[in-house]
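Here come two complexes built around chain A, the first alongside chain B, the second alongside chain C.
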Partner chain A sequence: MTDLLIEPFRLPYMQRALLEVLLLGVLAGAVGVFVVLRRLAFVSDALTHTVFPGVVIAHLLDRSLLLGALAFGVLTAVLLTAIGANRRVGADATLAILLTSFFSLGVVLVSRTSTYTADLTVFLFGRVLAVDRADLLQTLALAAVVLGTLWALRKELVLRAFDPDGAAAMGYRTALLDLVLNLLIALVVVAAVKAVGTVLVVALIVVPAAAARLVADRVATTTVLSCLLGALGGWVGLAVSYVVSVDHGVRLAAGATIVVVLVVLFALAAAAAPVRRRLTARAAPR
Partner chain B sequence: MSELLGTFSDGFARRALLEAVMVGGLCGVIGVHVLLRRLPFFTMALGHATFPGVVLAALLGVNLFLGATLFGAIVVLVVALLGARERVDETSAIGVTLSGAFALGVLLLSAQDGFSRDLAAYLVGSIVTVQRGDLLTTAVAGTAVLTVLALLHKELVFGAFDRAGLAALGYPVLALDVALLLLVEVTLVTSIPAVGTILAVALIVAPAAAARLWTERLGATMALAAALGAASGVAGLAISQHWRVAAGATIVLVAAGLFAVSLVAAPRHGLLARLRTRRHRGTAAPRPTDRAAATPATR
Partner chain C sequence: MAAEPAAQAAAPVLELRHVAVAYDRVPAVEDVDGVVTAGQSVALIGPNGAGKSTLIRAVLGLVPVVRGSVTVLGRPPAAARRQVAYVPQADTLDAEFPVSALQAVLMGRYPRVGFVRRPGAADRQAAEEALAAVGLVERASARFGTLSGGQRQRVLLARAIAQEPRLLLLDEPFTGVDALSQELLLAALRRLRSAGAAVVMATHDLGLAHLACDEVCLLNRHQIGFGPIGTTLTPERLRATYGNQALELRGDAVIVARP
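Our next item is the complex of A and B:
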């Protein structure tokens, strides 16, 4: 077991990759709880795709990826609200169209570069082993901002999730809260884009949180569990991908392995949930 | 314009053009049903989920359509089973299935050589390389889907607007639901060579959503959606050939552009028309017929 979980991380680039996925696991796990509570899986999927052209443009112009992604994250949030208000179209059709057209914009822009398919693959699936010190620092800073905001707004966000009318009646600006949550999702996408790519971020956000929700009842417990599951999935996925690729000669993409490990964890949680429910029911008979 | 059309003089370009017209038309028609039943997210998930099926089929050397269709069917089942659990809502169930299946596809592909090139072709399509066989498949699958849609038209539309009423009349509601999902799946799989797994959902949703803004009648909506889909295919292809950018993505951008134009300019539901009526009436009162006539029962 130690061979699998400790041994691969003797190399410096593997240590950096491990740190990065642990940070991302915690970060995405925490945001994911609110995504799952609010049933925003489709919205976060859309945001991961719509941020893509921002990243590409920033890359082409040699500017900060963060700014590009942030600009498109805001643009998506605004367009989503504006077009979704036309009842003839509806929110889900709006999301699907925004998602695919923004994504296409990114693809068209990348297709202008000479190293088209290689670039596209990096943007879509990331390259966690190429993470350097600057990337780690940026992820750390983003994690601090996102987790800090979540902590500061936890009461309001939970209220908004469970009782939107109540939150509005109490004078909270629910639209502003929604915008903040969407921006936090966009920030997670930005943090994760280099490591796991735009397409698989949504898995980091949704899967650990959905798994945690299966086995925990309180929001605080769910959040802690979701962060732990996210980090665990990153660790095990990275280790498995390394061991299989190096020792057994079958190359496994690191990002995709992490997601598959997360889905396995979700399946375990789904299997454990009924057992746990029966145990608690016996402990506290009504 | 003639310069743009002149790019279609080659054999491969002509094949691409034919494929674009057929796929665009087919997607437009099925898209109206997808919108009526609020299935865009599900379609999206299905698009991602067929991906490992395509990869597996390519690895095993069996028919791509078969692999994708089978895997898609499995995914439909998993989503239905997961969504039935009390603590997993349907959106999260789709989210988990979608990302899991997608990662599985990437994983399978990454174990192969030539990783990034093949992957890009599956994801964003490669319409200029469609073969005669692809064209034939599209024609056969398209005809089959359209025939079934025409035969079941009355029942499907009734089910979209009033599912309980259809069940009360003794129709097999569940079988009809599954039939429609399968039709959506076949359409998706058919469009993969042209626009790829991620972008196929755009060709299904965007033309139909645009058409719904122009007309109230269902038959007219379908005809218009098919025309818009085919037009997006042709225009996108011409633009991409002329400026040397990715074809599938350009087709999607044209479809989204047509939707954006409709959103602004459509006669009754467009932005301009709304502004005009608002100014005319002096209030922003909603039109009473608007919602009642056009909204199906949510499932």
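Our next item is the complex of A and C:
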């Protein structure tokens, strides 16, 4: 077991990759709880596709990928809230329109480059083993902003997720809270672009939170569990992809392996949930 | 909650002056006119789509008033929200949501607690007392969704009590509620009123309106009557409110056939 979980991380680039996925696991795990509670998985999926042209444009202009992704993440969050408020269009149609149009824009832009397929693969699936010190610091800064905001607004975000009318009646501006959550999701996507790419981030956000949701029945415990599962999935996935690639000569993409491990964790949680429910039912007074 | 001085007790908590509310420029309810004073309880009665929920949303300041005025404690509704508590129908909320009964009640304290900070000992105590007032202390740590429909409705009333409101708005609080929960809800509402809170509730149930309220507002897109329940709730007005859904039995008792 130590061979699998410790040994691969003797190399500096593997250590950086590990730190990056641990950070992302905790970050995406925390935001994911609100995504799952609000049933916004499709919103996160849309966001992962809409930041794509931002990444491409930044690459073409030789600017920071983070800034490009951030600009489009913010733009999407604002458009989502604004267009989604029109009841004739509705949130789901708005999402589909934004997802496909932005993603197409990204593909059109990237298809103009000579290294089309290689570039596309990097943007879509990331390159966690190429994460450098600057990337790590960037992820750390984004994690601080996102987790700080979540902490500051945790009560209000939970109330809004539980009872939107009740929250509005208490005087909370629910549209503003929704915009903040959309922005936080966008920031997570931005933080994860370099390491796992725009397509797989959604798994990092949704899968650990959905798994935690199956076995925990308080928001606080769900959040802690979701963060732990996210980090664990990152760690194990990275280790498995390294060991299989290096020791067995079968090349496994790190990002995708992480997602597969997360889904296995979800399956375990789904199997454990009925057992747990039976235990608590027996422990309860009635 | 401190007892109100006698002079203030008669002061209007809610003033509706020829109120019209519209959704997307289509009027939902018009010509509502009446006053609710401290300690009073008003039943909003009318068929589905009569505008009861819309009127409640207008009093909360969540939908714009297109004509007339709504005044809560002498202020526009949006400025008075801290003094107003709203009790939604329990079955509109996600039964799988991971909060305990006590946590749901504690949410009523959030506006006082403010952003960032966590609820303090005083908030916790207020929430526990509110839960006790609806007879659910022993279920405090049960997940909200595992409670019965009636118990969930009591939790939501407890949340409103924890807000220490001077005006309480309830949307169909007795729908799908068992007999015990109904008794406990009625008792808690009586205590709130004797402490000086005014109550407005939308309901389908005329029998419960008689038990819980002393005033009635009959609505069907416009106001058909507003006044003391004994004199306002006449068979003629009920027919005007419900149209052919109203049925008369033995002269005065009236059953309303639901669609």
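The working rule: the second predicted complex is superposed on the first by the 276 of 286 C-alpha atoms of A that agree within 3 Å, B and C clash if a C-alpha of one lies under 4 Å from a C-alpha of the other, contacts with A are read in each partner's own complex, and residues count from 1 in each chain.
Methods note: contacts are C-beta pairs under 8 Å (C-beta built on N, C-alpha and C of every residue); 3 or more make two chains touch, one makes a residue touch a chain.
Owing to the predicted nature of the structure, the values given are computational and were not obtained by experimental measurement.
In the superposition on chain A, A:160 makes contact with neither chain B nor chain C. Touch criterion met: A:111 reaches chain B, while chain C stays clear of it.
By the document's definition of touching, of the two partners only chain B reaches A:121; chain C does not. Look at A:273: by the touch rule set out above, it reaches chain B but stays clear of chain C.
Of the two partner chains placed around the shared chain by superposition, neither chain B nor chain C is touched by A:16. When both complexes are overlaid on chain A, the residue A:42 reaches chain B alone and has no touch with chain C. Once chain A of one complex is fitted onto chain A of the other, the partner contacts of A:213 extend to both chain B and chain C.
When the two complexes are superposed on chain A, the residues of chain A that touch both chain B and chain C are 213. Of all residues in chain A, only 37, 151-153, 155-156, 158-159, 161-163, 165-166, 168-172, 213, 216-219, 221-222, 284-285 touch chain C in the complex they form. Against chain A, the residues of chain B that register as touching in their complex are 35, 38, 40-41, 43-44, 82, 85, 87-89, 91-96, 98-100, 102-104, 106-107, 109-111, 115-117, 119-120, 123-124, 198-199, 201-202, 205-206, 209, 212-213, 244-246, 248-250, 252-253, 255-256, 259, 263, 269, 271, 290-291, 294. Only residues 36, 39-42, 44-45, 49, 83, 86-90, 92-93, 95-97, 99-101, 103-105, 107-108, 110-112, 116-118, 120-121, 124-125, 199-200, 202-203, 206-207, 209-210, 213-214, 250-253, 255-257, 259-260, 262-263, 266, 270, 273 of chain A touch chain B when the two sit together in their complex. Touching chain A in their complex are the following residues of chain C: 60, 62, 78, 81-82, 84-86, 88, 92-94, 97-100, 103-104, 107-108, 110-111, 113, 115-116, 118-119, 138, 142-143, 156, 159, 163, 169.
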